[in-house]
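Next up: the structures, one after another.
Each of the two complexes below includes chain A, the first together with chain B, the second together with chain C.
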Partner chain A sequence: MEQQVQLLPLSAGDQLWAHAIAMETGIQVASCYQCLRCTNSCPVSTFMDIKPHQAVRLVQFGQREKLLESSAVWVCLSCEMCSTYCPNEIDVAGLMNHLKNSVISSGRKPAEKEIALFHEIFLDVLHKYGRINDLQLMQRYKWRLLTAGNLPPLDEVRKDVKLGMSLFRRKRLRLLPERSRAVKEIRALLHHYGR
Partner chain B sequence: MKYAFQRCCTTPIFLKQYELSTNAVLEKLGVEIVDIKDMSCCGYPLRNYNFKAHVLSSARNLALAESRGLHLLTMCNCCYGTLKHVAHMLQENEKLQEEINELLAREQLTFQGSIQARHLLEVLYHDIGLETLKRSVVRTFQGLKIATHYGCHLLRPRHIIQFDNPFSPRKFDQLVELTGAESINWASKTDCCGSPVWGINDELSMDLTATKLSNAKKSGADYLCVACAYCQLQFDRVQQLLLARRTAACRLPSILYPQLLGMSLGIDEKVLGMHMNQLSIDMAEMLCARIGTAGSPGPCVHV
Partner chain C sequence: MRDLTFYPGCALQSMTWDYRESISHVVGALGLRLLELPDWTCCGATAAHSLDERMAILLPGRNLAVAEAEGRDLAVACPMCFKRLSLCREMLRQKRADDLWSLHLDFSVVDLARYLSSKPMLQKIQQRLRFPLTGMKVVCYYGCQVVRPPKITGYSDYENPMHLDHLVQAVGATPLDWSFKGTCCGASSGIARKDIGLTLVAKLLTWARATGADAMVVCCPLCQNNLDLLQPELRERHGWHWQLPIFYYTEILGVAFGLQAIVPGLKSHLVDPQPLIARLRQISTEDREMIASG
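Entry: the complex of A and B
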């Protein structure tokens, strides 16, 4: 069933949005003729509140707020099916990515807060070690979820512990994070972009 | 042949066998790899968060390889896709390249675009070549049915990656077939494995994986074969969880391509880290012909 998206009145700033995106990313939403190939090829479009083709449409109409508040951009897998199938070579996956970046840089609370949290911690770990350590990442992530009052069910915790033990026995879990030799340089470079 | 090596962040911790088997196969084939210790994460996870920082991260690794005049070899699809994407963007966008190079200059580095990021499969297929590989094969897997799993960033976006046809790819299948195994046709071979939402929306991630597993199984596969760190984690680690959590889940172990090729080249399975896979793979069954009565392995075939 096609979901109806209700349009809000346009402001002058909104109208310039599609143009700004084109300038910044080269993505020309104007050439979209709503054929729905992007949405039909998307493996998770059924789980999205705003479908890929609707996202493109909303950019055409300058509906910035609606998009930045949607959970769809966070459900997106970045699998690039949409961009590959689009007959007009519109980089829909790139657009989704750009939207994620816009949510973060505008200081908004992402619709899926756990997702943003995940990315944020990912960056923290990278900042500290120059490379990512999955154990650290998962630990911090689960810890932050816990402290935010999201208690996982007990048997889930038990299963995680069991998995951890089995990984450890198979020497698949390193307890010390791997560091890049250039962690200072990496930190300095990330710092340049506001981290 | 010599390459700089982009190490994936995930492999040293969760997938040591991917590095072990890759090293063993490349060594056997006379390929030298240089591990540049100053390299960092490829920037893939950053792209959802801070576009420029992700570009910088990749550009820095590319520049490090470039400073040594070496192409950059990676075995992870996410690293590969990111490095290629960033190299493409920098070459297309002069302003972006200037901005990034200004930052890289602090470390006396510069991106000029003289080297490329290469995926392990690309190196095997194009740089070494199918014929050379075939000549090196000492053991074959007759009658074994393998479902190849390409992974998103080995195929898409098509104008940047250009490794194979994104709609009906063949190169990975050919690489599997040179080991004597049969590469089966299955419907969701080019779909996403579900890994990007693991840890974010576990149920959705497991649903995507479960659908793929049952699809491959129904198409007659004995094993999955992958060439991406995240795909393997999904099909090995997450599948194990799936089997524990869901009653109706079907079991289909996944093997890393360098493990499969390595066995075919006569490398010891210990060296290939076969025992480190979470879902164990029956070696005897893999190596032996399964033609004849179903379930009973036939004689091993040596070429």
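Entry: the complex of A and C
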């Protein structure tokens, strides 16, 4: 059954929002006629509070707050099934991505804290070394979760340690992160453009 | 044979060194030279475009600039990197992003798997064959990044890609038809939302098995990790009494070429693919003996 989505009152800015998205990204939500091909092709739609076709509809309706608070935009895997199969060539995955960016740039709290944190730590490691080291990424991520007060169940910890050990034995966890010689150049570039 | 610049990507430098090793031995055996892109950096993967779309241009853009200076086509082994670099190249070409490097973009970004499955390369592969993998039934799994969106990746057969199928066929294995070639494995959600990762991987593995495959063949380090590393937990959860080896296409080629150098890489998989290989070798030796004895 299709779930009902309660609409919020609109401000003038909200009403112009779809237009602003079209100007900025070229994504024309107005051409959506709700055929549901995006949602039906989505491998994670069952995990979403707002389904892809509903997200497009909500942009048409200017429901900015609703979307920026949703966990769906974070659950989206950018696998591009939706965009590929949309008969009207609406880049639904691009829309989800644009929404994620808007959550961050507007300083809101992401609805899926752990997913956003994972991305953030990824960029931290990238910023430090220029390349990603899996061990660094996982350690920093787990540590941040822990210090934020998310105590994982003992069973989870046991599983992680067991997996970590077997990966270590297989030399798949490199203790020394590899640094790109271009890391300074990267930092300057990112700094210059506001990160 | 032309040389290519090679962009390994971070995954191949750390966790999935087995993929990288198998690539280097297999392309060596085929007489192909891959020259590593100097001072390459991460392509930004999913994180960059999720949090800050500008970074998704800056990071691959700088790598493209270095590649252009090298003056050769750029071969990429990781589908995620391939997609990010191709997308950035396209954005710059269409002038939809600031080009800080004044690029000419007179070189191609090449998906290594597709390059190896071109007709002349397939012929070379068949010539190099030592141990045909006759009797090995596999499903080829392409994942999402390398085929979609077709406008960026240039794949016209994105509904039913075939290049990995052609590669495994060239070494005597049987690729089975199945419906999940391009269905997402859950990517990095295996870490931050394990429930999603486990659900998607379980679906892929059970369908691969139901199709009758002895193994899965992949081209993406992230897919390989998800499909291989989550198996012990899935076995425990669902009481599976089976497991499925997950090979890179380059490992399949390496086995068929009889390259001993790829064995340490194979040993690093969580689901050990060696019993399957040993079984196949035994069968093919028996076959040979039978033929010899008339």
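Definition applied: the second predicted complex is superposed on the first by the 195 of 195 C-alpha atoms of A that agree within 3 Å, B and C clash if a C-alpha of one lies under 4 Å from a C-alpha of the other, contacts with A are read in each partner's own complex, and residues count from 1 in each chain.
Operating definition for what follows: a residue touches a chain if its C-beta (ideal position, glycine included) is under 8 Å from a C-beta of that chain, and two chains touch if they have at least 3 such contacts.
Not measured: the values here are computed from a predicted model.
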Subject >> Combined model on chain A: chain C and chain B, fit or clash >> reply: clash
Original post:
Once the shared chain is lined up, is A:Glu65 touching chain B (first), chain C (second), both, or neither of them?
Top reply: neither
**OP:** Please write out, lowest number first, the residues of chain A touched by both chain B and chain C across the two complexes.
**Re:** 26, 43-44, 47, 75, 77-81, 83-84, 97-98, 100-101, 104-105, 112, 114-115, 118-120, 122-123, 126, 130-135, 138, 141, 159, 163, 166-167, 170-174, 178, 180-183, 185-186, 189-190, 193-195
Original post:
Which bits of chain B are touching chain A when the two form their complex?
Top reply: 9-10, 12-16, 37-41, 45-53, 56-57, 60, 92, 103, 106-107, 152-153, 155-159, 166-167, 191-192, 194, 196-197, 199-201, 204, 208, 237, 240-241, 244-245, 275-276, 278
**OP:** Write out the stretch or stretches of chain C touching chain A in their complex.
**Re:** 10-11, 13-18, 39-42, 44-55, 58-59, 62, 66, 96, 100, 144-145, 148-150, 158, 182-184, 186-189, 191-193, 195-196, 199-200, 229, 232-233, 267-270
**OP:** Using the touch definition up top, name the residues of chain A that touch chain C in the complex.
**Re:** 26, 43-44, 47, 75, 77-81, 83-84, 97-98, 100-101, 104-105, 112, 114-120, 122-123, 126, 130-135, 138, 141, 159, 163, 166-167, 170-174, 178, 180-183, 185-186, 189-190, 193-195
Original post:
Any idea which chain A residues touch chain B in the complex?
Top reply: 26, 43-44, 47, 74-75, 77-81, 83-84, 89, 91, 93, 97-98, 100-101, 104-105, 112, 114-115, 118-120, 122-123, 126, 130-135, 137-138, 141, 159, 163, 166-167, 170-174, 178, 180-183, 185-186, 188-190, 192-195
